[in-house]
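Letters are used for the chains, namely A, B, C and D, taken in the order the chains are written, and counting of residues starts over at 1 for each.
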Amino acid sequence: MAIKILVTGGTFDKEYDEIAGRLYFKHTHVPEILQLGRSHLPIEVDTLMMIDSLEMTAANREQIVQHCRNCSEPRIVITHGTDTMEITAKELGRANLDKTIVLTGAMVPYKFGSSDGLFNLGSALAFVQSLPKGVYVAMNGRYFDWDNVKKNKASGVFEEIG
Amino acid sequence: MAIKILVTGGTFDKEYDEIAGRLYFKHTHVPEILQLGRSHLPIEVDTLMMIDSLEMTAANREQIVQHCRNCSEPRIVITHGTDTMEITAKELGRANLDKTIVLTGAMVPYKFGSSDGLFNLGSALAFVQSLPKGVYVAMNGRYFDWDNVKKNKASGVFEEIG
Amino acid sequence: MAIKILVTGGTFDKEYDEIAGRLYFKHTHVPEILQLGRSHLPIEVDTLMMIDSLEMTAANREQIVQHCRNCSEPRIVITHGTDTMEITAKELGRANLDKTIVLTGAMVPYKFGSSDGLFNLGSALAFVQSLPKGVYVAMNGRYFDWDNVKKNKASGVFEEIG
Amino acid sequence: MAIKILVTGGTFDKEYDEIAGRLYFKHTHVPEILQLGRSHLPIEVDTLMMIDSLEMTAANREQIVQHCRNCSEPRIVITHGTDTMEITAKELGRANLDKTIVLTGAMVPYKFGSSDGLFNLGSALAFVQSLPKGVYVAMNGRYFDWDNVKKNKASGVFEEIG
């Protein structure tokens, strides 16, 4: 039961540039987290892009949808910035692919001692193995259907729309 | 969809006693992990015991089964030492309760910067929400049926029996 | 042998605002570091300001000098952003106070798992107890006289002017 | 001003063996700490032994004294278990070497996220550069003369004898 992890960036993978004193992207920490989590799942990690999700364009989203459509794995986890995760989820939902796709992310960069990145990746990988085909967002220990989820900008917590 | 977490101890909750220079149990770190993981699940945490699973007796296991039978929640995660997790899983499986029960643990104490505790608890909480009724072990990113799991003592990795 | 720690901000005390996704100052972590370092020194911590040292004005520096002149302690450690630490050191050196003053900081925020903040604060507190009266910068395990130190902007390492 | 660090083991360097579930020694973490602390001191690290200081013999202590006598560096930091640090300090003090020697250690293993190891090593390296010739213990942010120090076994804090 092969699983693909598509990396797109987001807070999850941000680091601190100690010379410039600002946040930036270098490379993904997903393989390191899988190792520290003692994961023994058959996972292939592909880095599609490394961007803040506030800067994600329609072309970027189309690239994500195409990659999900074309890859051989029937189960896909996407690491994504939380700010526009619901938009990418909608694009994927509307594409109506015959796969289980789970988007997840983090509120704090993994490199800053983020517990939620580790917790969320563990949770997303479990959901992608056990949920029926469809597109989901996995945050805050919960899963949401792609057409019924939004991030509460004030609290940072994901919730149902209605 | 209320979830119960039953704490029984195990490596997960061990701490370092800096005066005595040895490992010991003080209190569970499950609520702290849930908070750091930004969990918004409706969870109640009960500490049943705080022991090394090598010291777990038949009476202890009976207590765990009774607690699972009697609690109102239909979904239960049990934090447990890894050394005898498969034995407790068997007791629970044979009890044939009408619930989804997931046992999990950690190879390194949470307080020592364990990434696998965070990863495993995230994974166990996702599995307990999405798997059908039954008893499972969630370790190494995977889930195992209660009657087809053992810990490889040499590698520390969980695998199927046969 | 009372010691004063004057907090002025800098990378040392920066935190990650998980709602806004940017670095900011909340409160100083110096007391927490002293506790984790098991310090038993007679220390009083005063927060003078919480700013990035690139934004430190001449008025801010005059405030620091005045505070050093007027406080009763003969030994003072100042936590400070690294970018302009050498400028504040010069102001203090020229003030010619009859005290031992050590400026220190960090390349990575303490909250992001900075080892250099812990290492540098331990080092600065040792230097302030053992060096003769004067003004010093303590970074990279070394100490520098106030009139012979600069930060190498490319490498982030402190060195003698030469 | 070359500095030698002599590693003897102690809590500082203990690790958690996740297969056996117990504490053990593998290799020293001193070079890693120096790197994370961004140390730019001219340091050579020698591992003399890797033992719990409760198991340190008279022969071990003689080996430490000989090494301090024979090495070329005039400044030496010794990482040491805290339980018998005062005994080794006395042996070194009585040897009356013409060097500055500072013993330090940690209450919590570095690998368990010990802040006191980082803090203490930073402090010991500063003291060894700035104190006159003699033998000292550096713990809890303070330094103690070799003939006036003991560990309070109940609190874990170092204090003067008298």
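In this section, contacts are C-beta pairs under 8 Å (C-beta built on N, C-alpha and C of every residue); 3 or more make two chains touch, one makes a residue touch a chain.
Owing to the predicted nature of the structure, the values given are computational and were not obtained by experimental measurement.
Ranking every chain by how far its Cα centroid lies from the centroid of subunit C, the top place goes to B.
Subunit B and subunit C have CA centres that are 45 Å apart. If each chain is reduced to the centroid of its CA atoms, subunit A and subunit B end up 26 Å from each other.
Counting partner chains per residue, subunit B has residues 107, 156 touching two or more of them. With chains as nodes and touching pairs as edges, the resulting graph is a single ring in which every chain has exactly two contacts. Pairs of chains meeting the touch criterion: A-B, A-C, B-D, C-D.
Touching subunit C in their complex are the following residues of subunit D: 33-34, 36-41, 107, 115-116, 118-127, 129-131, 138-143, 156-158. Subunit C meets subunit A in the complex at residues 11, 16, 18-19, 21-23, 52, 83, 107-109, 111-113, 153-156.
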